[in-house]
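One chain, subunit A, links the two complexes that follow: it is found with subunit B in the first and with subunit C in the second.
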Partner chain A sequence: MVGPVHKLAVGAHYGGWDWLVQRATALVMLAYTVLFIGIVLWNGGLSYPVWKSLFANGAFRVVSFVFMAALLYHAWVGARNVLMDYAKPTALRLALMIVVVALLAAYAGWTVQLLWGDA
Partner chain B sequence: MRFSIYRYDPEKDAAPRMQDYDIELDPHDRMLLDALIRLKTVDDSLAFRRSCREGVCGSDAMNINGKNGLACITNLKTLKEPVVLRPLPGQPVVRDLIVDMTQFFAQYHSIKPYVVDDEPPPERERLQSPEEREVLNGLYECILCACCSTACPSFWWNPDKFVGPAGLLNAYRFIADSRDHDLEWRLDNMQDPYRLFRCHSIMNCVDVCPKGLNPTRAIGNIKSMVVKRAV
Partner chain C sequence: MAAADRPLVKPRPIYLNLFAIRQPVPAIISILHRVSGVLLILVGIPVLLWFVDASLASPERYAGAYGALTSWFGRLVLLTLAWSVFHHVLAGIRHLLLDIHLGLDLAPARRSAAIVLVVALLLTLACAVRLW
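The block that comes next holds the complex of A and B.
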């Protein structure tokens, strides 16, 4: 009879890549944070007009989107790490991963809406 | 001196328990292992592993007052009473302070812990320069006592998939060896998201290593090589 094999399935090859991307996205987020704080300090504090003019700038919206993309990918790697450690049954782990991906995709859509949607 | 020792015989006991001992030590009893051997003259049902009694064989690794270490090189003067002794954490207990190391050694074997060289053997030895030999310092000294791997939460959660600090230190020992010709396989073996990358550099391994080795640094070097190869 053809049944499932109870061997340990290891050898997926994305470990190194994801480890690297998690670090790269952290640097992107750090750069954006420094940039943002710098801009706020340069303008003498955060007020509605400063915020408004900042996000009226198309380039800053793109930079903000890159930041959010980095954040979401970073969150994906981190959330998956947690699930790999604690969600042991494969079906449960896969289901939770799908939930996380769906949630992060929704955040991505929401980000686009906030940055380029009608104010 | 007062001790509180984990007792469990899976064949007889329903659950593990802690047993208290109060024992008069001889002035010549200096290390924890001396005290354990003396305790065994009082209660011969107490089970623990030991062999070389000088920190070379790695048999008497146990959890001493909450920290993994070797009983034979732990000075009794450094221990707070009652001395709480438990088996290495996260491993199946065979009896009392003895754990089943099958999984630990399976992980060690999974990294091919030997020099791979398919070239025809040379007339004389496979020589290394002093610089090439120097690279192995801090790697070859591992005695496989399992203090590090059993102190690592990533190894607790995924002992079947994560190689663990001891295995990874040894993986790097052969990656770094100038005589080894199997680098490609060795790095392929590390690409998996579990085998190497469960390490999040919390450095419990460095904290407990009785030989003063640094598995986290070795793991960092493997990660660097994986990245170097990919980008």
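The block that comes next holds the complex of A and C.
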């Protein structure tokens, strides 16, 4: 006989994957930071025309989107770790996780709007 | 008291007052890594998106956002975010170095933790000087 199956709403076996994601996304963000500083130095500071033309550049938009995607994924892994440590009641933890997911999804939408919207 | 009357396992003293335990420097920068991360999620990302959005929208909206960020309260927010970024990035780099087994021993680990704490504060101080 197979005993009752206990499905837990919390905890899983994604620790190793998340560990790797946290480091990979950190490296992506560091690379973007170096690139951005390089662009600023190359242009001898950031004037308004340079700033505008930078965000008009399709490649820079895509690279900036990759940075934000890495940032938001990194933020999710970090927030999830913090909630697992401090929000002990399962209902509270899941509720806060939903809040964080909604918040990060909103940031993602804002990012797309900012990068490709016709402002 | 006869030996048999004594409880088999002596109750151990439980003393976990986090404010009374002296935390080693790596523990301090670790909790600050979390604090700065949460600050960046709740305040840092929206401020970044809002400012870049405004700066690209029009010179007027850029001027408005610039004015808000350089107000007294705005500068306080900026300074807090600056510290958050510096501390989070430096503590993160330290983590990556530990991952490739650099500075794993106790003494270097404590030294690098102290460096993270101090350099983040010095960079924040430099920002404060520039902002005021």
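Methods note: the second predicted complex is superposed on the first by the 108 of 119 C-alpha atoms of A that agree within 3 Å, B and C clash if a C-alpha of one lies under 4 Å from a C-alpha of the other, contacts with A are read in each partner's own complex, and residues count from 1 in each chain.
The definition used in the following text is that a residue touches a chain if its C-beta (ideal position, glycine included) is under 8 Å from a C-beta of that chain, and two chains touch if they have at least 3 such contacts.
Since the model is a prediction, treat every value here as computed from it, not as a measurement.
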Partner chain(s) touched by A:G109 [first = subunit B, second = subunit C, both, neither]: neither
Which of subunit B and subunit C A:A26 touches, first, second, both or neither: second
Contacts of A:F55 with subunit B and subunit C, given as first, second, both or neither: second
Contacts of A:M84 with subunit B and subunit C, given as first, second, both or neither: first
Partner chain(s) touched by A:G16 [first = subunit B, second = subunit C, both, neither]: first
Residue contacts on subunit A - larger count, subunit B or subunit C: C
First, second, both or neither for A:G38, with subunit B first and subunit C second: neither
Contact footprint of subunit A on subunit C as seen in their complex: 34, 37-38, 40-41, 45-46, 49, 52-53, 55-57, 59, 62, 89, 92-93, 95-96, 99
Subunit A residues touching subunit B - in the complex, by the definition given at the top: 8, 10-20, 81, 84-86
Subunit A-touching residues of subunit B, taken from the complex the two chains share: 154, 157-158, 160-161, 188, 190-198, 200, 223, 226-227, 230-231
Touch list for subunit A against partner subunit C, complex: 23, 26-27, 30, 48, 51-52, 55, 71-72, 75, 78-79, 82, 100, 103-104, 107, 110-111, 113-114, 119
